[in-house]
Amino acid sequence: MAGSTFGEIFRISTWGESHGKGLGVVVDGCPAGIELCEEDIQKFLDRRKPGQSQFATQRSEDDAVEIMSGIFEGKTTGTPISMIVYNKTQRSSDYSEISNYYRPGHADYTFDKKYGFRDYRGGGRSSGRETIGRVAAGAIAIKILESLNITVTAYAKSIGNIEIDYENFSMVDARSNPFSMPDKEAAEKVAEYAKQKMSDKDSIGGIIECVVKNMIPGIGEPVFEKLDANLAKAIMSIGAVKGFEIGDGFEAAKVTGLINNDHFRCDTDGNVSKESNHAGGVLGGISDGTDIIFRAAVKPTPSIAAIQSTIDRQGDNIEVSIKGRHDPIIVPRAVVVVEAMAAISLVDMIFIGMTSKIDDIVDFFNRKE
Amino acid sequence: MAGSTFGEIFRISTWGESHGKGLGVVVDGCPAGIELCEEDIQKFLDRRKPGQSQFATQRSEDDAVEIMSGIFEGKTTGTPISMIVYNKTQRSSDYSEISNYYRPGHADYTFDKKYGFRDYRGGGRSSGRETIGRVAAGAIAIKILESLNITVTAYAKSIGNIEIDYENFSMVDARSNPFSMPDKEAAEKVAEYAKQKMSDKDSIGGIIECVVKNMIPGIGEPVFEKLDANLAKAIMSIGAVKGFEIGDGFEAAKVTGLINNDHFRCDTDGNVSKESNHAGGVLGGISDGTDIIFRAAVKPTPSIAAIQSTIDRQGDNIEVSIKGRHDPIIVPRAVVVVEAMAAISLVDMIFIGMTSKIDDIVDFFNRKE
Amino acid sequence: MAGSTFGEIFRISTWGESHGKGLGVVVDGCPAGIELCEEDIQKFLDRRKPGQSQFATQRSEDDAVEIMSGIFEGKTTGTPISMIVYNKTQRSSDYSEISNYYRPGHADYTFDKKYGFRDYRGGGRSSGRETIGRVAAGAIAIKILESLNITVTAYAKSIGNIEIDYENFSMVDARSNPFSMPDKEAAEKVAEYAKQKMSDKDSIGGIIECVVKNMIPGIGEPVFEKLDANLAKAIMSIGAVKGFEIGDGFEAAKVTGLINNDHFRCDTDGNVSKESNHAGGVLGGISDGTDIIFRAAVKPTPSIAAIQSTIDRQGDNIEVSIKGRHDPIIVPRAVVVVEAMAAISLVDMIFIGMTSKIDDIVDFFNRKE
Amino acid sequence: MAGSTFGEIFRISTWGESHGKGLGVVVDGCPAGIELCEEDIQKFLDRRKPGQSQFATQRSEDDAVEIMSGIFEGKTTGTPISMIVYNKTQRSSDYSEISNYYRPGHADYTFDKKYGFRDYRGGGRSSGRETIGRVAAGAIAIKILESLNITVTAYAKSIGNIEIDYENFSMVDARSNPFSMPDKEAAEKVAEYAKQKMSDKDSIGGIIECVVKNMIPGIGEPVFEKLDANLAKAIMSIGAVKGFEIGDGFEAAKVTGLINNDHFRCDTDGNVSKESNHAGGVLGGISDGTDIIFRAAVKPTPSIAAIQSTIDRQGDNIEVSIKGRHDPIIVPRAVVVVEAMAAISLVDMIFIGMTSKIDDIVDFFNRKE
């Protein structure tokens, strides 16, 4: 129940504050024998790194990961993998001002209510930098999924009111534009919109969609540890995420059963498929073998330079303008965090899914002899 | 990780199938000294009971709860509370037909993939009757919340495309109409729409909104056991729920920071409030003391009498029409399940929240001496 | 953390008090496909049943188990298995006297300190009847172990000061004498000793030894979820158990490394064995494939008819003589409880052990396709 | 269930191998507001440091701890506390020899069986250095207990066959002699014995006793999360511990109820005490407010220079003599590890104990307003 641990069998424990000595994660329950080096982790961390476009914070952060344990001769040993990213630039002085008031849309007020005080430097533990540990752990989870041929791909489905269709999809485009949006034309519209809002000292939100391909069927533990319930928790635990939906999600609530039900069919080779995938790859909380598709609603960055009213710790009503270098839009950098959390949740569920049938278990141990 | 357990400190374990001997729940970690009798539970079970209107299944189910343990002289003892509802009508013969094929939109196929076979009678464990254990446990959680002055109220926010405003709210209306919709006019429109879809042998979905009033601030454990992440898992674990959002949810993704940020203010008595509540009562995963507001998207009932194509266990493509007495719309009966799961999640989070500050802990034990 | 749940993947939740309506257990995470009927459970419950000899309480308890869920067509479905034993004889009047004082060696005082009051009838939740749920769940765990060819056998190693050698072992004798002691001669000595202590209105303790044969090597999760650490918790959670040791246990603390180290050897067929088993089948918290041997120290029954001094709830010093039908020696009936808890712990550890190596995991899913 | 995590509310995750870059721990769920600096941790690490006498390994290890997160302005913030000890001397070449064979009494064989291979340098994860993380986390737990006036003190109760009485106790002596034995005379006998066994290239075991004073009554969660069951797991998870007993432990199994029952008494001030403490401070798994006393059996160090037979990875029977600098007796250095694990377990149980009574919970939140 301790708050910075996620997962039961494949379990991660993250730590670190925005302006502390560093941030990191301990990955416990990782199977032995996976080839793993720092570059495997670094390439994912680089995707969440700031300063990569004019639409992201211009802070320069290196975020070089160091693996401290759990690897021997290039492979995971089955023991905990500890990873650290040291904080290079800790200019705490930037933040002395916000120590005394509660930024709207931030966790300043609630941290004070809960803990009595807070590390106010750069948001402390509630900073977006907290996701470094998630992404580092997620890189390992994604490696495990890859060994099972499962891929996890997230991208910006919409930013502001600019939305793309699943059909126009080009992941090459997504990786090459600063919005992680797999539709060149839409991305250009977003650039226009973003520039305007930046000049207004305002910020933008958006929706991230994630597709899991080649998912193993039969994964998920009814009735509480359903695959989608676990994914929901994993994704909703990401800062700034205010909603989660799987398949048609909230749209499903508006249509009728005749429209929403996916019909099974079987081809001549005996392969089972569905004529549609309104369910998003999950039935009764268990994967059905089709693509898992879910979306996360990301709120606009709360840190804006425009003037806002709020209160200080003494209870005085004041007006503030948040200084510092902030992302006008968090969606593009959050894409890899969504992939990471989805992968971590899936690995945990897949592992537990190995014990569903006694025959499979007996067979597993008989073959090991 | 076992699938039918929810919660860590306040923990429930549900069991039972639609057509087995009964269904029930064990509530572990319930504090001692709460006045509790079967009537306290029964009134919540009665709200989920079928057959209460022409828009619900006409199956007659008594669903009388029996408390088996954990109560002595009218009070909880701190030991597990076991509750049972016996199944009265177990006409398994009704279901012999569906044993051999996979109903679209149901968990038949995924249960077979996961477990190798399934109890097909009435959906077995994936039946809506599984929620009996949740509601019985939720009744206790709600009692605990009441002792802390916290209330949890859910209702139909929309059914099909008919949606109500938060402002037109009358819970008296909600309890008196068959749709749990706190707006008489809207409820009448829904009745028209429902009648039409029933004559089409089709079904309807909707959105349930839930409001938690007088919530204690400072509850929620960043970064993974955030209050909203836990609620999301609790609610997404309910069958037929395809989406969860808190506060403005998916709408927040479309607006800008200037619109979405809630400004704090302090009145002359020193009470802190927010000028708006786009966040839904949670900042950084911790309650801020304002109303917690979240919504759940409920898909249309998958059991419909209209003809659908699907496959049987042998892999043949067939056409089916689901027989039996099914709810054309599950939303009204799911309202109390949403309240139950929210309450269970909140109690667990509130209990863990007692250990946030060392001074509070020391004070707690000093006063007990 | 809720106290009446044990296990993570294979998880049991017990409930019930000595004089409530009944006692039971929910077994969650049991794999699908295991043949299981009430007789499989009943034969284990019968072994813990009282009234089987003059050396056990003469209470007559039927303790007939009823399986409420999780079985379909004679097999486990993978969903929770709920089992109930109704209490037949609830003569609460017998216990009105003890409601007001604290029996020495019992949990009366601590329950009052913890919960504010207690169900005093027959010890309530702290009664030995609480083990009914453990034994019922253990019967299923033992079935799972049997399918992996693993056997768990416990017996009385010593009663009072009468101790037997591992060599004189005859389980046929153990099952046929009232002390579960696999040495006829020793059992006769115990009978003499027990008669004497019963006439003194006194009670006796003893040591239970348990041997797990054909254990899978490589099971146990360092560094905290070691196989022996888990077994220790499982066994120490049984009422009246005051000590746990594995292999040579406390004797190992007195000898030197040269004596205590077990030497590996390899025969011409490539089979690895050890020349001795001082370790008790566990090295570094992981099973080594040899017999797991552990012991539990069981204190003498605290309920004795001899006069003892104690206090009442008002704080007056008083003298009492515990009335009612109590076991003068709990060891024989606890033997099956030790087997049950060991089996439950082992199944949980074996299941988690399936995820130790990535190659085994990949192979598992590849073969399922 | 992941193996390197311990505790539910107060949760630690340790990581690191003997010859990796370092070792450490993440402490999650630590309350905010505790004054904490590196010196608070270091003094406990110094007690487990090797090279402090001729009877300990002469390796020189600095083991300087660095706190990476969770502290702000000298106080815990409620967020995870990450602590690291870098490994200074990583002469892996020393260990090339043991990479190919299985040392008797070590986890080499079982690690290979479980994970397929192992980090053989200095024992890797199964090295005694793994306890660094435990001791660092334990230092924080002990601080929390101190704020509740609870003290945890362990010492060598016996080494080889030299045993001391509880009465001759002088903790001043214990801290000043190399055996942590609070009886000067006995410690001198141990020195003689140890010198002899060292010259025999042999090693010695012993028994550690631990006393918890001023324990809060009412702590412990029947029936599985009993205080003693949790302590047993915590202590048995320490490498080399082969047995655990509470109160009279295995001796209790030999006596009768009349001897073993502790009689309550109440003095004129209304204070409840017991005339004896055979139970070791726990009744029915719940603390009774008297001293908690338990013992751990520590086996002789398996690494000895004397010649032993074993097998290599190819299955050949060979003879070996373990080289390197090893403790001839691990007991003195394990004393602080026992204190650490006991404290961690107790803090977790005390926190959960805050939710036993509804009145206490309501009172807690009412007072916070």
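Labels A, B, C and D are assigned to the chains in the order they are written; within every chain, residues are numbered from 1.
Note that in this section a contact is a pair of C-beta atoms (placed from the backbone, for glycine too) under 8 Å apart; a residue touches a chain by one contact, two chains touch by 3 or more.
Treat the numbers as computed from the prediction; the structure is a model and nothing was measured.
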- Of the other chains, whose C-alpha centre is the longest way from the centre of chain C? A
- Message: Count the C-beta contact pairs for C-D and for A-D, then tell me which is higher.
- Response: C-D
- Note on the structure: For the pair chain B and chain D, the C-alpha centroid-to-centroid distance in angstrom is 44
- Item | Intercentroid distance (Cα basis), chain D paired with chain A, Å | 38
- Query: Rounded to the nearest whole Å, what is the centre-to-centre distance of chain C and chain D, using the mean of the C-alpha atoms as each centre?
  - Reply: 26
- Give the residues of chain A that touch two or more other chains, as numbers and ranges in rising order. 1-5, 8-10, 14, 29, 32-33, 78-79, 114-116, 125, 221-222, 352, 356-357, 359
- Query: Tell me, which parts of chain A touch chain B in their complex?
  - Reply: 1-6, 8-9, 14, 102, 104-107, 109-111, 113-116, 125-126, 130, 158, 160-161, 197, 200, 202-207, 217-226, 228-230, 232-237, 239, 242-250, 252-266, 270, 272, 275, 279-280, 282-289, 297-304, 306, 308-311, 315-317, 348, 352-353, 356-357, 359
- Message: Residue numbers of chain B touching chain C in their complex, please.
- Response: 1-5, 7-11, 13-17, 20-24, 26, 28-29, 32-33, 66, 68-70, 72-73, 75, 77-82, 84, 114-119, 124-125
- Message: Per the contact definition, I'd like the list of chain C residues that touch chain A in the complex.
- Response: 1, 8-10, 29, 31-34, 76, 78-79, 144, 147-148, 216, 221-222, 350-352, 354-365, 367-368
